[in-house]
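One structure below.
In order of appearance the chains are A, B, C, D, E, F, G and H, and numbering begins at 1 in each one.
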Amino acid sequence: LRFGFPEVVLGEPKTVEQLLGIVATLVERKQTVLVTRLQPDKAEALLAAHPKGEYHAVARIFHLKQGKPKAGRVAVVTAGTSDIPVAEEAVLTAQAMGATVTRVYDVGVAGIHRLLRRREEIQSAHAAVVVAGMEGALASAVGGLVGIPVVAVPTSVGYGANFGGVSALLAMVNSCASNVATMNIDNGFGGGFYAALISRTRGQR
Amino acid sequence: LRFGFPEVVLGEPKTVEQLLGIVATLVERKQTVLVTRLQPDKAEALLAAHPKGEYHAVARIFHLKQGKPKAGRVAVVTAGTSDIPVAEEAVLTAQAMGATVTRVYDVGVAGIHRLLRRREEIQSAHAAVVVAGMEGALASAVGGLVGIPVVAVPTSVGYGANFGGVSALLAMVNSCASNVATMNIDNGFGGGFYAALISRTRGQR
Amino acid sequence: LRFGFPEVVLGEPKTVEQLLGIVATLVERKQTVLVTRLQPDKAEALLAAHPKGEYHAVARIFHLKQGKPKAGRVAVVTAGTSDIPVAEEAVLTAQAMGATVTRVYDVGVAGIHRLLRRREEIQSAHAAVVVAGMEGALASAVGGLVGIPVVAVPTSVGYGANFGGVSALLAMVNSCASNVATMNIDNGFGGGFYAALISRTRGQR
Amino acid sequence: LRFGFPEVVLGEPKTVEQLLGIVATLVERKQTVLVTRLQPDKAEALLAAHPKGEYHAVARIFHLKQGKPKAGRVAVVTAGTSDIPVAEEAVLTAQAMGATVTRVYDVGVAGIHRLLRRREEIQSAHAAVVVAGMEGALASAVGGLVGIPVVAVPTSVGYGANFGGVSALLAMVNSCASNVATMNIDNGFGGGFYAALISRTRGQR
Amino acid sequence: LRFGFPEVVLGEPKTVEQLLGIVATLVERKQTVLVTRLQPDKAEALLAAHPKGEYHAVARIFHLKQGKPKAGRVAVVTAGTSDIPVAEEAVLTAQAMGATVTRVYDVGVAGIHRLLRRREEIQSAHAAVVVAGMEGALASAVGGLVGIPVVAVPTSVGYGANFGGVSALLAMVNSCASNVATMNIDNGFGGGFYAALISRTRGQR
Amino acid sequence: LRFGFPEVVLGEPKTVEQLLGIVATLVERKQTVLVTRLQPDKAEALLAAHPKGEYHAVARIFHLKQGKPKAGRVAVVTAGTSDIPVAEEAVLTAQAMGATVTRVYDVGVAGIHRLLRRREEIQSAHAAVVVAGMEGALASAVGGLVGIPVVAVPTSVGYGANFGGVSALLAMVNSCASNVATMNIDNGFGGGFYAALISRTRGQR
Amino acid sequence: LRFGFPEVVLGEPKTVEQLLGIVATLVERKQTVLVTRLQPDKAEALLAAHPKGEYHAVARIFHLKQGKPKAGRVAVVTAGTSDIPVAEEAVLTAQAMGATVTRVYDVGVAGIHRLLRRREEIQSAHAAVVVAGMEGALASAVGGLVGIPVVAVPTSVGYGANFGGVSALLAMVNSCASNVATMNIDNGFGGGFYAALISRTRGQR
Amino acid sequence: LRFGFPEVVLGEPKTVEQLLGIVATLVERKQTVLVTRLQPDKAEALLAAHPKGEYHAVARIFHLKQGKPKAGRVAVVTAGTSDIPVAEEAVLTAQAMGATVTRVYDVGVAGIHRLLRRREEIQSAHAAVVVAGMEGALASAVGGLVGIPVVAVPTSVGYGANFGGVSALLAMVNSCASNVATMNIDNGFGGGFYAALISRTRGQR
């Protein structure tokens, strides 16, 4: 519980039996449960056993709340509509950690004015998650606009020389904005977790 | 002379003797001479033989005008000061082809307002060359702001995971703006040439 | 409408509901609609709702004309028959933007005389799109034959060390012809759009 | 001044004249000056003009304090002695931003007990910078030990299949610890900046 | 029989007919049979023909013992539960070669204390196989804890910038622990074989 | 002497002492000597000891003839002048093996008519070596023009995304002409050797 | 017919209608037909229309003989049984061109004595095709044993860090044997074609 | 001292002062000293302070013996003469650990009979280090000949598509011989250390 939060369970490679066992243990210990990258059919089995849980299909997350964790404010920003599943994974993770989340979606650099109009909303958060595929330029644009830490999540959205997200990953790692740090490709969970962690005030930790 | 312009000479790998020979032949034929990527010591030898020529040290270009080629208006845009040598190679090439060039320098996405202030200058050109290293996000930002063709030139500026310009190249090739086409890394000559070619009106061709 | 043309809609990752909504909005505004990379089943739903639209199965494009955009002449050139779907995406995009398009297909460098016979047709256009996979050599060959801007579109056609189109992409980015600029792998839409944009005369813009 | 801190100047590619000009402007505006990746000979020129400045040779940073920025506590952790120059760049940057920095050096995973002994020192900071080359495993080990955000900085230390730092970068981006975000290879400045930014309390911002 | 052990049969690309033939020949020669990467349906055919054989579904290995090979003690260590199929391939291979195997599973570096508690079990073996995906840090951590040869097996477990196991492979090849040598990605068979070979005493060879 | 020709000596990594020893041995055995990639200073030492030898500075080859090997006709074709050192390495190697060599230089695809004019010269050889850097398109163009085996030698000529010759290597390996096989980057020796080997008639072997 | 042989048809990407058309044309012109990489269902349609044709399922080649082309002797060598489909593609192509082919299969370097026993068979050919995946070492081993040209065909056989055949391709391109030239990954057709071309005597050409 | 042997010191990146300090400490504790990758000028300083030490210029190792470690028999095998510096690093490391070392040099696969003649010498060791660059095929050939563990060390010897040793590294990681494990490029120290570790009998450990 080093984060005042249990280790999150990666659902994708586990069997239903393994998942039922793990979730039962956590529930017994009165801990919050978060299962990520969970396929719909396995989610049904978890919901049947734990009717208080919730499954978010777009984000592919199963969540069973226990207690009330507290964190600060997080903004989740996306370039296009195809990035939304990864962004929602970030949103739900940050919320599960107790953060208040503002969604700022579909503000990619090819239409920079949409982003400029939303600047205040992002700046008023304690940390921003920026989710973008293709050339990943949004992370630098947001980093240059606001004075808070930006957690960049490259996505595999695109085709051809995007190499499954490598183009966006490189753009983010090479960002000329100094307030940008980077997560793995499609790692919405990581982005939401890290931003929520930053957002906690000392009292909250 | 398929462009109404002689083939440009790549100076870097040639010996002084080879270069003197080639330039003499072109001068005899009353053609404009453009030698790119030319080292200073070789430039001196060319200037001694052809006092009417000019050597531009930052752009590393030797230029000897003959006649008056005509083209339209080109904007050359850069992200940072380190990109200027490549940008100047583009500027001088476009000018040698008869284009009128506007420089819009140091308007990288980490300070997006500097770019927005210069929008009109870029839009009023017939084509824009965008020169940027590191994450190369500027090409998408310019592409999204203007309605003219953008020629993107990635530079090797940066370090670490920029992989000598690959990060910027990938960003440009994956640009979500549909008016962006890409040149080789550090190919300022190509960017200036291609933009000037676009800028020519039919009468001029 | 910065190109006198609405943003094109990327159909592949969107749901039918999202697409029906977007198309309805554009139709209301009396704007031309272009949906690219559209799967056949989604196309049927769009055609049912908008009987005046057309779906081009090879190019995977849905098109609904409104008004008469105007552009110049574009040539679309391919190396082999496997490159045709990407080429047709370019053709239809350029036509939708108002360009007159000449198809010059199946003129790969392994039979250079077929290409030489078609030289005039390409040269008389304002810009050429060259679509080629495998070693992508056609872009350089066309670039060397004509005096107009060439927009090179690498395709993923080939196998083994073509790395899904990387071999052709690299060939085009490294082209020794100075009138060649490059698009993303399989980006026929981008090639057609960029060439049509170049082809517009000032009066047309 | 979106961070309550001027943009940092990248010294490496700039001429002495450019640097003297930039520093003079910042001093006039009573702003703190930080020039990174500065070569010793250029540093001498800056010191001659600004005797109150300091040059840190290992970190290659020129620093001229103005006012007293405030931030929280940062720990800087390294795997080996060869990573120290990058780590010192992080230390000095964080200190310049007002952070109190604890150095935890030479605690690589091949001798895990040295790291375990220093756990408390790291945990008591608001954020940790972990600097490591070769296999970059230290970021995951630290991330697994503490409950604070970890900023991972891969270094180019190593040889052969480290590919100039890529092995460490990949290890960090793929970290199984969820509190790890990554910077560019050898970007000590970025690591220190980001950690100091996290460490600021709201009152301090 | 240069290892006192027949060449192992790679089952995946072979037809049932080819496999039945090969196994029949080995059985006739009274040699142990080991078929790796064997699909369940082909396994059934082998079991029908050779009821004394065993098929291990997780490890995908068919094994038919003949005689009693002898080897020493091997420890097989994994980072997470997703690595278990590769680890079991190592376990069964080493056992088939006569080794006594200790499983030390689910001791990844993000929870280093679980690994420390199992140190003695690993150290008392003659060689350890370490199976890990994602950032592959476990190989260095184990290498640093024990004085025996470590055979590192990277797995393709992970996503995004793990590049199908390349991140873990690079981490292992660049390990700062000098007692670590590396196998191909997902090559559990190789890891078990090599460790068992090391574990043989001279008398046993 | 499996080729009726001694093993060729790679000069670059060897010391003068090693080279003097090896050459003396071969001379004693009355065998032809060919030392490739030989630095000028080491060449001087060999020439002093063996005045009958010759050093070709451009090709960096030391050659000492003994007897008269016999082979057929080889054409060596280059794209540009920067490829000549590699081409000359091929020429001298083929000549040393007894081949009659025709040089067809500076016929790159950007000026395809120069190549067409030389077609007969190439076709009349028994094998052609094609030496090209940048996009390496010449190999396919020559392959498509003639009916003889083409040995493609990519060169490292170019910059940026040529990746030290990889772009040309990939173009050649992916050639759509079926009479093209490929050598290592800058391996002029290999190209000349292989073409000369092909050119030998049975009687000559 | 620059090889005295029609262009071979790549069957994979073509429709049945396209193939029936092309084959009918070639048959009319009394030319031999070779369709490679042909799927079984398309083959049936061709066989129904042309009962004199033959389909070789392992090699995936449709062949319809017309006349008697003549070539020399070719050896086709493979490392393992998984390489046989690619090898058979080479065998059938060479035979279709008139060559006499010797198969030397399953002689990989891990059992070098099997290769040594077959040395004479290979040496007596005019050219050898060596087909190998994984580490591709067989090309160098054969190259070192015989004095004839070796055409190396890397295969995608293997897993993990074989990267779909790249490991074998690199091994072959870097071969220390000077009589080795390389084809694309899995390009059995190319290997057989090139070796048969070499094997033709002058009279035969 | 987990190997009954002190941690070895990597000399290259350390200053003379750091090295003198470290060596003095080890000498005081009566431990053997091994400094690898040590530049000649730094070696002189160590020799001056510790006259009993030895510096091996080819292997770039400084060695100061204390006591008599014991290990078994190790064979070190190389492909060519250019691999010798890496091989000598392996030899000296294994000897420093108490192993008896047999050198089997210059037995590359292009002349397989030289290797076959030395088979017994290799087989009689407890472990073999195989050092090879270019295509790295020697590791598989040796692995296939002997029944002992092979430690493969790829070298950066070669040029072009050897990518600084990557071609050899991939060949070794993909070896079809099951008794081959791999070290980092040019890591002769690691190869010697690992082989000596294997060679120790239990009594010796």
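Rule of thumb we're sticking to: a contact is a pair of C-beta atoms (placed from the backbone, for glycine too) under 8 Å apart; a residue touches a chain by one contact, two chains touch by 3 or more.
Since we're looking at a predicted model, the values are computed, not measured.
Student: If you take the chains that touch chain A and keep only those that also touch chain E, what is left?
Tutor: Chains touching both chain A and chain E: D.
Student: On the document's contact criterion, could you list the chains that touch chain A and likewise touch chain F?
Tutor: B, C
Student: What's the farthest chain from chain F if centres are computed as the mean of the Cα atoms?
Tutor: Max centre-to-centre separation from chain F belongs to A.
Student: With respect to inter-chain C-beta contacts, which pair, B-C or C-F, contains the greater number?
Tutor: C-F
Student: With chain centres defined as C-alpha means, what is the inter-centre distance between chain F and chain H in Å?
Tutor: About 36 Å separates the centre of chain F from that of chain H.
Student: How far is the middle of chain D from the middle of chain G, if each middle is the mean of its Cα atoms, in Å?
Tutor: Computed value for the inter-centroid distance: 57 Å.
Student: Rounded to a whole Å, what is the gap between the Cα centroids of chain D and chain F?
Tutor: For chain D versus chain F, the centre distance works out to 51 Å.
Student: Between chain D and chain E, what's the gap in Å when you average each chain's C-alpha atoms?
Tutor: Each chain reduced to its C-alpha mean, chain D and chain E end up 41 Å apart.
Student: On chain E, where are the residues touching two or more other chains?
Tutor: 145, 160-162, 166, 169, 173-174, 184
Student: Please list each pair of chains that are touching.
Tutor: Pairs satisfying the touch definition: A-B, A-C, A-D, A-E, B-C, B-D, B-F, C-F, C-G, D-E, D-H, E-G, E-H, F-G, F-H, G-H.
Student: Show me the residue ranges of chain G that touch chain C in the complex, using the header's touch definition.
Tutor: For chain G paired with chain C, touching residues are 10, 13-14, 18, 154, 156, 164-166, 169, 184-187.
Student: Within their complex, state which residues of chain F touch chain C.
Tutor: 79-80, 108-112, 116, 134-137, 139-141, 143-145, 158, 160-163, 166-168, 170-177
Student: Could you pull out which chain H residues touch chain E in their complex?
Tutor: That would be residues 2-4, 8, 126, 146-149, 151, 169, 173-174, 178-184, 189-190, 193-194, 197-198, 201-202, 205 of chain H.
Student: If you look only at chain E, which of its residues touch chain A in the complex?
Tutor: Residues in contact with chain A: 81-82, 157, 159-162.
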